[in-house]
Amino acid sequence: MRRLGIHSFVWTDGGTQEGLEDAMEKSAACGFGIIEFAYLRPEKFDLERLAKRARALDLDIVVTMGLPLSADVSSEDLGVVRAGEALLSDAVKAVRDIGGIRLGGILYSAHTKYARMPTECGRKNSVAAIAKTADIAKQSGVELVLEIVNRFETNLLNTTAQGLAFVRETGSDHVRLHLDTFHMNIEEVDPAASVRLAGDKIGYFHIGESNRGYLGAGVVDFDRMFDALVEIGYARDIVFESFSNAVVDEALSLACGIWRDTWTDNEALARHAKRFIEIRYEEAQRRRATLARP
Amino acid sequence: MRRLGIHSFVWTDGGTQEGLEDAMEKSAACGFGIIEFAYLRPEKFDLERLAKRARALDLDIVVTMGLPLSADVSSEDLGVVRAGEALLSDAVKAVRDIGGIRLGGILYSAHTKYARMPTECGRKNSVAAIAKTADIAKQSGVELVLEIVNRFETNLLNTTAQGLAFVRETGSDHVRLHLDTFHMNIEEVDPAASVRLAGDKIGYFHIGESNRGYLGAGVVDFDRMFDALVEIGYARDIVFESFSNAVVDEALSLACGIWRDTWTDNEALARHAKRFIEIRYEEAQRRRATLARP
Amino acid sequence: MRRLGIHSFVWTDGGTQEGLEDAMEKSAACGFGIIEFAYLRPEKFDLERLAKRARALDLDIVVTMGLPLSADVSSEDLGVVRAGEALLSDAVKAVRDIGGIRLGGILYSAHTKYARMPTECGRKNSVAAIAKTADIAKQSGVELVLEIVNRFETNLLNTTAQGLAFVRETGSDHVRLHLDTFHMNIEEVDPAASVRLAGDKIGYFHIGESNRGYLGAGVVDFDRMFDALVEIGYARDIVFESFSNAVVDEALSLACGIWRDTWTDNEALARHAKRFIEIRYEEAQRRRATLARP
Amino acid sequence: MRRLGIHSFVWTDGGTQEGLEDAMEKSAACGFGIIEFAYLRPEKFDLERLAKRARALDLDIVVTMGLPLSADVSSEDLGVVRAGEALLSDAVKAVRDIGGIRLGGILYSAHTKYARMPTECGRKNSVAAIAKTADIAKQSGVELVLEIVNRFETNLLNTTAQGLAFVRETGSDHVRLHLDTFHMNIEEVDPAASVRLAGDKIGYFHIGESNRGYLGAGVVDFDRMFDALVEIGYARDIVFESFSNAVVDEALSLACGIWRDTWTDNEALARHAKRFIEIRYEEAQRRRATLARP
């Protein structure tokens, strides 16, 4: 991996400038090299100031988001699709302006428990919207990655294979997949095999436990996952994500169904996660080197 | 295990009398000993006729359901709670009248992606409602089991430990847990350990794959799960559940987020599931016998 | 896989012509397509008659063996090496004469618990001997595969990576590896990854449980193993192997350390193994097809 | 666990007083609280000096050994059995004299690749010898634990269930089992289940990888193993063991079949092992606490 990062929601609900800056300080203090923010509204935050803090702390910034239904590019309503394209375009520019390196998340549909089946027409609208956004992102020097998430958070791209087909259809070489162990645990047949299947098309990787709590206190087989990342020579970023009712705001808790405290001390959680990922990654590298050595 | 069954949604959307009867025939033809129905409205179906078919086919009937928000016993609105209690009471009686053996599912709250946190008051209402329902069920000769489901389908009982505490609070010896491997894979720290923790408090057990498709084509570690069931001497029923967009109706697909076809041939799926469960259960029994034999 | 077979030691100690013929009948009756024999001394058995029975039963014959210390081609004593080369040459011809398709096992050293370290000189002798044997085998239309076994049964080739290097050094395109899940469980860092590493260099594959008993009653992760075989498109043979003190002769039991009965009914064991391998292989194929399908 | 220790063969071949003292210094420097020695001949070493160093370094001493064939208490030859009993008695006293806390290993038979089946008579001799030794150990304030090892290192006790039956037959409350993950990986049906089966009868626990190399670079499922130890409330010692051709002497390498270097830097190995065990143990404790918390 290139750099190891952490999602800002471990630290803050993201509601205030102060909260975001505090999250950056803590992320850097724990030794992370990336902070991931949810979509930052330029009218609400002093982005210039955030960018400056990030540079000072040697933190890369990644922004992830999910579309609202009112700007769902997988809609059949072209007005809604246009609103989504505009929002994506603005988001790319905001990432560029803040000095961020990457835009990810559920960019191809709304982030919601859908109450309708996906449609072929909506899918085409989404492919076209992402293709356009990819051009803008490429010109802006911002990477574009699509997060594959579970069925309760989108209806369009739930599996790596669906994501790979979608990326192909965009015809763009600037779109990659954003995989996440929490979601893969619900949807994939064999998460490690999906990582090998996707190979170089993986542009970003989220590490989260099956119940969104402490790494290791769930069912995700991280050893096999890190083995797969080492086997494909994954050289991009990995970011840790965890949600607990103890810290983040109610809006996020509702969206992600966070009804209980999987932890209360976010600093202990973050330090554990960093150690967990680094140690197990190193062990995966030792396994790979050892098994191939006569 | 006592008997192995199958959920009727593998066969039918449950919309017509004919569909339900057909589901019974096919379940019996595949060798299952139980059919699980979703809540059967007495005004819509000829329950007597269903009961007669079940007896003729030597099929036990289990009914499972989730409450609607309008009859959510975990509400803070006492009118809604009363509606829920009435609905549960009616459901118990319908199960009794159809000759069913057990009522299960999300009986303690609505079956929905909640948009609010659970409350202490609502929880107490739910405990009281289930305690009352347990009395009615006991008198009716109907077992009562509470299904522990993932965060996207209820906000109240997501883990076995939560379920055990809830059962204790009802003060009833007639309430047991209804565990399900699909849900456990999302919420539990260690599903097999939770089975050992719950022990005799498990009253019913659903076998479903992590992505709701073919058994074995997901991440659930069924071998460890069957080992745990054998280790605790589980002697109650096991029922197979799988959903695909190929067969069931749109309403259910929307509720459970079934956006893709995990299978198209339900008979092949059902026969595979029966063989899968029986073989792996037998292997778990052999493991247990072998490891304890000097 | 091409064909599924069984080792004759499940049925017989291999001491008599009658025992071997009986093993063939039983293997065919259980539906296996290959029988594996230990080295057959031409002076002791009526090979022509065995070959005829095999053809009649549509059974392919594979012969596996380990060298004795007196004919150890990894010795530093050239006389001993020459004896080994002669023994290997005779074995290839015996396989050809019996209509067999393949010679495997510990052909590159003695089959013993060594009491000395391997030496560079002995290793070179072994490479040369196998290269020569490969030429003879190629001319004879007999496949040649080297079994990688655990440290207690040879000191030379314990891991797949060692085997791959050895095969490269022979310079022959007629030598492949014979992997075995029992041995891999002791020596490999990650058995499934070793299968992917070896890829097309795998010429033969033994399925055995970690304690040599019933498949599934040990720690081998067969699901991951079959996934790896499917992932590399393995199209050669798989043979089941199990030893119990209940059936085979004392000599073999001593050589392999079989001190207890892991089973007593060999027919039940064989039928279980066939079903186990076929079902799990089919499940691995379903996993592969499903995970790659958008 | 009470204390975490390390086997002296990670550091030294045990041939000299200086080597043993150096091993103690290094063990303590890495933070271990126990050092395990192979049988220490009183005539060869200055035991008093070793005991003093251990006290100064706050290191507990455990001694493990395997009997030679000439003193095999599982022999049918009573002279050999008597020699074994005398050797065991001397060993207990040597442990006492050095201030050690425990005698373990293959005390009930020879440590060898046997060339004969175990016999009922020999087994009885062994049970009686261990019962006598237990009395002496009890009087000496030395714990007595029997190591269950794989088939290539003894023919008598290869599984936990065999060990439990053997302990029962001794009639002593002073004999417990010494389990080892390396050996369990070869012999047990389900190592974690065996730990739960043995429960309080486990007196000592060896952590070793399946190929005796770096922890995590093999197939042992340590997470499940630590879960089992936490589940039974294991409160005794855990000791790390690893062998590589790089460091230890040829005699040991031959006995254990160590033909390759699984590591070369023993200090890196030891520090990794300590961290690995402590972190994974802590994670197992978190799992247990979390899964049981409503």
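For clarity, chains are labelled A, B, C and D in written order, and residue numbers in each chain start from 1.
The working rule: a residue touches a chain if its C-beta (ideal position, glycine included) is under 8 Å from a C-beta of that chain, and two chains touch if they have at least 3 such contacts.
Quick caveat: nothing in here was measured; it's all calculated off a predicted structure.
Undergrad: Check the residue numbers that subunit A and subunit B use where they touch, and answer same if over half are used by both copies, otherwise different.
TA: Subunit A vs subunit B: same; shared/all numbers exceeds half.
Undergrad: Return the chain pair with more inter-chain C-beta contacts, choosing between B-C and B-D.
TA: When the contacts at B-C and B-D are counted, B-D has more.
Undergrad: Averaged over CA atoms, how far is the centre of subunit A from the centre of subunit B? Could you give it in whole Å?
TA: 34
Undergrad: Could you grab the centroid distance between subunit B and subunit D? Build each centroid from C-alpha atoms only and quote it in angstrom.
TA: The separation of the two C-alpha centroids amounts to 47 Å.
Undergrad: So which stretches of subunit D touch two or more other chains?
TA: In subunit D, 159, 162, 188-190, 213, 217, 287, 290 touch at least two other chains.
Undergrad: Taking the complex as given, what residues does subunit B use to touch subunit A?
TA: 113-118, 150-152, 155-156, 158-159, 162, 185-191, 210-211, 213, 217-219, 221, 245, 250, 253-254, 256-260
Undergrad: Enumerate the contact residues on subunit A facing subunit D in the complex.
TA: 213-214, 216-217, 223, 262, 275-276, 279, 283, 286-287, 290
Undergrad: Can you name the residues of subunit C that touch subunit A in the complex?
TA: Those residues of subunit C that touch subunit A are 159-162, 164-166, 188-190, 193-194, 196-197, 227, 231, 287-288, 290-294.
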